[in-house]
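Two complexes are shown next, each including chain A; its partner changes from chain B in the first to chain C in the second.
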Partner chain A sequence: MTTCKRSERESFPVRSRWKTAFQALTLFSFLLLAGCWDRIEVNDLAIILATGIDTKDDQVELTAQIFIPRKAGSGSGGSGSSEASQSGVTMIRTAVGSNVAEAMNRLQRKVSRNVFWGHCEVIVISEQASKQGLRQYLDFFLRYTQIREHAYVFSTDQKARDMLALLPPLERSSAESLREMSNLKLGTRVTVLNLAQSIEGPSRSAVLSRMLILKPASGQSTYTSDPYVRGLSLIKEDRYVKTVTEPMSVGVLMLLNQLNYIIMPVEIEGNEGNVSIRLISMKTTLTPAISNNEWSMKIKVDAKGEVVLNTTSKSIADPQMNTMVEQQWKEKLTGLAKDALMLSQKQLKTDFFGFSGQFRRHYPRKWKAQKRNWDEIFENMKVEVRVDTLITSSGKSTYPQGVPGQGVQY
Partner chain B sequence: MALQTEKTQYKEKLTSSLDNNREVLQEVFGENTDIIFHRFLTGNHLSALCVYCSSLCDTERLEKQLLSPMLDGSFAARSDAGIESFTFVPMSSIQTVCTINEAILAILNGQALLLLEDQPMGRAYSLPKTASRAVEEPSAESTVRGPREGFTENLSINLSLLRKRMKTPSLKLITTTKGQYTNTEIVLAYVEGIIDPALIKEVQSRLRKLKLEGVLESHYIEKGLADEQFSPFPQMLATERPDVVAANLLEGRFALLIDGTPFSLIAPVSIFSMLQSPEDYYENKYMSLSVRWMRYFFAVISIMLPSAYVAITTFHQEMIPTVLLLSISRAREEIPFPALVEAMIMEVSFEALREAGVRLPKQVGAAVSIVGALIIGQAATSAGIVSAPMVIIVALTGIASFMIPRYAAGIVTRLLRFPIMILGGTLGLVGMMLGVIVLVIHLSSLRSFGTLYLSPAAPTSAKGLKDVRWCRGGTSE
Partner chain C sequence: MLTDKGRISEVQLAILLLPTVLATSILSVPSMTMHYAGHDMWLSPIWGSFIGLIVIGISLGIHRLYPNKTIIQSSLQIIGWFPGKLFGLAYLIYLPHLTGLIIREYGEFIVTNALPRTPLFVVMGTMVIVCTLNVRLGIEVVGRTSQIFVTIITALLLLTFLLLIKELRPQELLPVFEDGMLPSMLGSIPPAAWFSEYIVIAFLLPYVNHKRQVGKAMIGSLLFTTMTMIVTNLVCLFLLGDLTDSFTFPMLIAARYITIADFLQHIEAVIVAVWIFGIFVKISVFLYIFSTTTAEWFGLNDYKPVVAPLAFLCLAYSYWVVSSHPDVAKLLSVSGNLYTLMLLFCFPALLYVCALVRKLWNERMKGGAT
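Moving on, here comes the complex of A and B:
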């Protein structure tokens, strides 16, 4: 138990009281002198929701999609809801520069508020721009402090600027549309960080979702529309090399372990019509092996699906039929995988699926020794694809429905 | 200093001359109209003097129980034995008075002083005319489940409320008097065997050193006994609930019950005592636990939320989720003030509103809250002076500060909010952290009667923390 300090306080020395006052004054003046200079009110921010990169005669054209708070409906005020729909809450500004940093500098001159990149969650790079190499953009995006490294990256064969100029009727902005689509996993889901890692990694390649602009409904203005996913853009080294669309893109996504939402029609031999299967889950595992100095890769795909449409005359509840569907689906998936492998190994000679990473992980020494010969090894590598399929559900019905005369054969 | 000299002056004993005694007392009381000097002859023709304060004494009882037996003839037979054998008076609370000073105090305490010729001493009969309100439910600390009795302004009622709860001879009630002019009775209560004897010594020595002109409320004492004079934090717990006092006595604390106020003081306390409600121990353990943790959380909210909002929206916009930032920017678009000023306006007007509501009579208070809700909540936002998110922040902060069960601790959070808000608005989260660091340094160096204010968290004690996180369960510990 410590004793009371009251007696001490009563004889508080005058000098130390001055000292305390002086210290307090110093601290307070720090506060006043240091304060406020990097303070930015929300009202003074031009919040950028998406960035687009195009090229224009050898120069970089940077487009920023800026949120307009005034147009975003009257949240406060309560003087009736604004009649204007959500569309029109964003605007774009474009600037051209010899590189992306210069373009950004020029962009600020065209905007009356502080350009704020902290909420830029979407980056659209046109195929035209990525043909010239992604490196300079990636360095900027990962270096400039305001930009998020978790921004999603998309590719487009149109102008990125046009994509950002869209005013989607459903979402607040096309940036949000793009982000939501990325979250739905309709294509690949690649952030700036992922992209840089995958290009810098042993596979030296990347796969981006390719977005196109939906044709607006008749009578709507050109900009009242949405972006949509169509195919994939393949990046080799840091340059765009090829676009793949369905069915090839399905195979690529499958081997990337990123295939999520798809419904596939499967033909059944000896039957008219087909069975459509909705993918429930798919898991792709890569197992590298080196035996007798021969490098090989085992790809195992586990697919589970549900029947959503059956236009054949047979019941899916029939075990024979079920096995047959599974078999056919398996063959179809194997075919898709093989096509994708062919593209990767023989045509583009690029390791899109991260084989090299698996080898590096499993055989670090051998990988180090053979790193220089990797392109050759990869091109001639034996790849075994094994697909396991399982139909887990026949949907609400077992027998084919709507068959005239109920002519069901067992 | 006046009474000090007076006290030394009146240290002399009562003399055997009744007239002499009377002169001295009359000189002391001077022209006071409520001090009555009643001179009479007893049944056996002895000269007697009864001095009392008519505003404090029950005159009816005085006549019936004291004067009439004395004037009665039956008195004569036993009078020779001296004043100490005045056993005929049908009263239990009798005190012998030997000095002038004692006599003065007895009169001012509402006792009737009886002096006889040739007797160098007097007898003080307690005949209090008590003007006190009934025992009511404490208004500042109400519980849903738990005793409804609260202390009153009357010390003897308060003591009886406490005694009723603790029927043990170990409960010690020690009376002292403080205040040069008020001579207020203060009762130090503790349970012998539970409390640290050194603590009692410390309190008594602090009480002895304490010099006050008057004690009108418990805070006069609290201020005088506090370890750290400049701290905004209460270092003693003020309560008007006898059950809280009893519970704390059982935990080895002491209490000071003060005449004239329903608030008694408990010490030593820590910051966690300020965040505990008596009901925590009266309800189901799991409910109390969650409510208590919620209270801790909101205590932090009530200090930090406005400053965090200001700091983040003006310095660290990237920390806000995108969609939320868009909503905030939409709401703030028309606002003419910086966020810090906006927060200041709202917080100050909220405090003003609360203060106005507290001081006004209950009937008018409702009108104030309606006007306040309309002006602050609705009109200010629709006029575009403050943004809707700020209204939410201020409302939440207000609710959070109401959640602190101890009023004294609640007003501290109201006060601390402002400096931290300025720090947050000028230096961002860094400034806020600076404020918090200063606060934590202060709290961890603060002591309440030697007990560290952050204990049992800061000098960590597993056993003590059990009660902070959970609630102590029955007698098992």
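Moving on, here comes the complex of A and C:
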């Protein structure tokens, strides 16, 4: 112990001088290291919430919706300009370029702050632009470092620019409205990554929600409005081919296993009026089969619903009526599915529902051998649709309400 | 004879090896294996781990025949002074290449993904300085820091995987063996190159204090790394599907994809943190090996004086080895793996064969004499 201590003490003075110098140096270096020489503060950034893509005479028109922090911060104080609504905390900037990257570069020249794409959660592509191919946009979105792969993609047949210019009364920005609608699963919920996967995958197609601009209430400025979901845009290879609206879009969503929120009126034979059913859950499964070189697909749909309106004269509690409703609903759903299949197989000859992916998973060898003939096989494929329906609840009432004199009958 | 007085336990060695193998592999292995193996890329680490198993066997074997000597020291006895020195020289030339490449990979990753405006030199230089300090403090400190960091790395990686569960689609696993077994075997070359880095135990075994359980600890470490690689590959496959090999760093894309309840997002910094912790241990281990090898080769008593100059040399090498990020990718996916396998697998294997032959020969001679 003592020898050890002595040796330490002997070497102490020489060491300590260096040590003190080193410590001092480290300490003072903090003054320099806390540097702000290339800082970018929040007020140096133009935070982009949504991107819109249009075309203008073969050129790309890129629109960015930029968040205005000052307005958002002032809360209820709408005392500024009378034109902008209280909720209006965004502005748009548009730039045109021969491709999307050039347009982006030109966009920066129109914004006084450093454009930041990291919070861009929504991308709106006009059908006009997607007619010319989505490839360049997808490559850009998946390559440019700042853009998130989780951004939702929407389609519109109006100008994407106008959609981003909206200042919705309810939400902070139209980007937020679009994102919330996507979360409500009113249409398809497609991120940039999903879109790339489904276009680059074996089915070489994609389905996007089609958004339109709601007409503003009278007396309001044209921009005080919301985007809303109406139908689907179908994309074949990487190009827009067709728009479908209800009832066709319901069938498409059903086969995509993405139908979530819908209330369907169902007519009952031999009865006036109808029964409206709210969908509670729906599950669509695809089972491919190959026998004797004949490719076929079995589609099984399990639907559960709840009655929300009954304008017929019969009670839902009546078992006979119940099965009848289920039967009619089933027929209606089967019809929708068949229409959607017809569209996909015969009209557009595009595998929107990922049949090819299923064959690839279940019959990898045969799929590889027949990959080249897929279009032909798909067109002539036998598809069997089986729908199982179940009414789980008749709501608060059993007997039809509001029928004059009904209460006296029993 | 050893140039460092420090000793570590066998568990510390096992833990030390986890980031040494995993740090760089987590980011680039998924897309590299998918390039060859397609859908079966999650199987590739299993084939690759056999190389790891063999390498561990070789290291333990040589050490059993020549206890308490690093591979550089024992090579002198196995194949004679001059060939042994040549053998060591090969490593003296190779190690700065490898270390430089690791440093460069780290720098490129940080610059492209986290600090785009910071000069590459600053990013790499600061890391090298910290690693130099770490290495100068001896194997004990390197072992301790790795113990702490491995805990953090494991927790953060698990967190990322858990948060992604919602987005994963297990059906992407099918079809298995779309083109037979061969692609997954071919795809195992990049992970094999990483697993061959287990040879560092041939340099570190003399510093281990309980040599009995070393074998068991090493197997545990190997299992852990294999599992982590498989899980990483699976997560990337389930999330990105066939697109996995179109991204440079699939795991980073996966972390960026996390969105939970609209506010838990943009957590790719977690992956960057994992990477920094891991790479710190990895650079330290290779710098340590490089320093001790140099000291042993020149017959020095202490490795500490050479650490700082060698660290600087490695930093210079990081500029000399490649000139751009695509270059790093090219080197790693084509020739780099064979180069690594050559030095980290073939050479030690040959040395072990020589050692066995020599042992047999000696026994035969003794048997003949009596």
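Convention: the second predicted complex is superposed on the first by the 356 of 410 C-alpha atoms of A that agree within 3 Å, B and C clash if a C-alpha of one lies under 4 Å from a C-alpha of the other, contacts with A are read in each partner's own complex, and residues count from 1 in each chain.
In the analysis below, contacts are C-beta pairs under 8 Å (C-beta built on N, C-alpha and C of every residue); 3 or more make two chains touch, one makes a residue touch a chain.
The shown structure was predicted, so the numbers you read here are calculated from the model rather than taken from an experiment.
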Give one of first, second, both or neither to describe whether A:G118 is in contact with chain B, with chain C, with both, or with none. both
Looking at A:R17 after the superposition, I want to know if it touches chain B, chain C, both of them or none. Which is it: first, second, both, neither? neither
Considering only the touch criterion stated at the top, classify A:A196 as touching first (chain B), second (chain C), both, or neither. second
Is A:R109 contacted by the first partner chain B, the second partner chain C, both or neither? neither
What's your read, chain B or chain C touching more residues of chain A? B
Which partner chains sit in contact with A:P364 here, chain B, chain C, both or neither? Use first/second/both/neither. second
Which chain A residues lie in the overlap of the chain B contact set and the chain C contact set? 38, 118, 148
Chain B-facing residues of chain A, complex: 1-6, 9, 31-32, 34-36, 38-43, 45, 47, 49, 67, 69-70, 72-73, 75-79, 116, 118-119, 121, 146, 148, 172
Chain A-facing residues of chain C, complex: 112-113, 116-117, 171, 174-175, 177-179, 240-243, 246-247, 253, 256-257, 259, 265-266
Within the complex, chain A is touched by chain B residues 196, 198-199, 202, 205-206, 209, 227-229, 313-315, 317-318, 322, 325-335, 338-339, 381-382, 384, 387-388, 422-423, 425-428, 431, 447, 449-450
Sort out for me which residues of chain A touch chain C in the complex. 38, 118, 142, 145, 148-150, 191, 193, 196-197, 200-201, 360-362, 364, 367-368
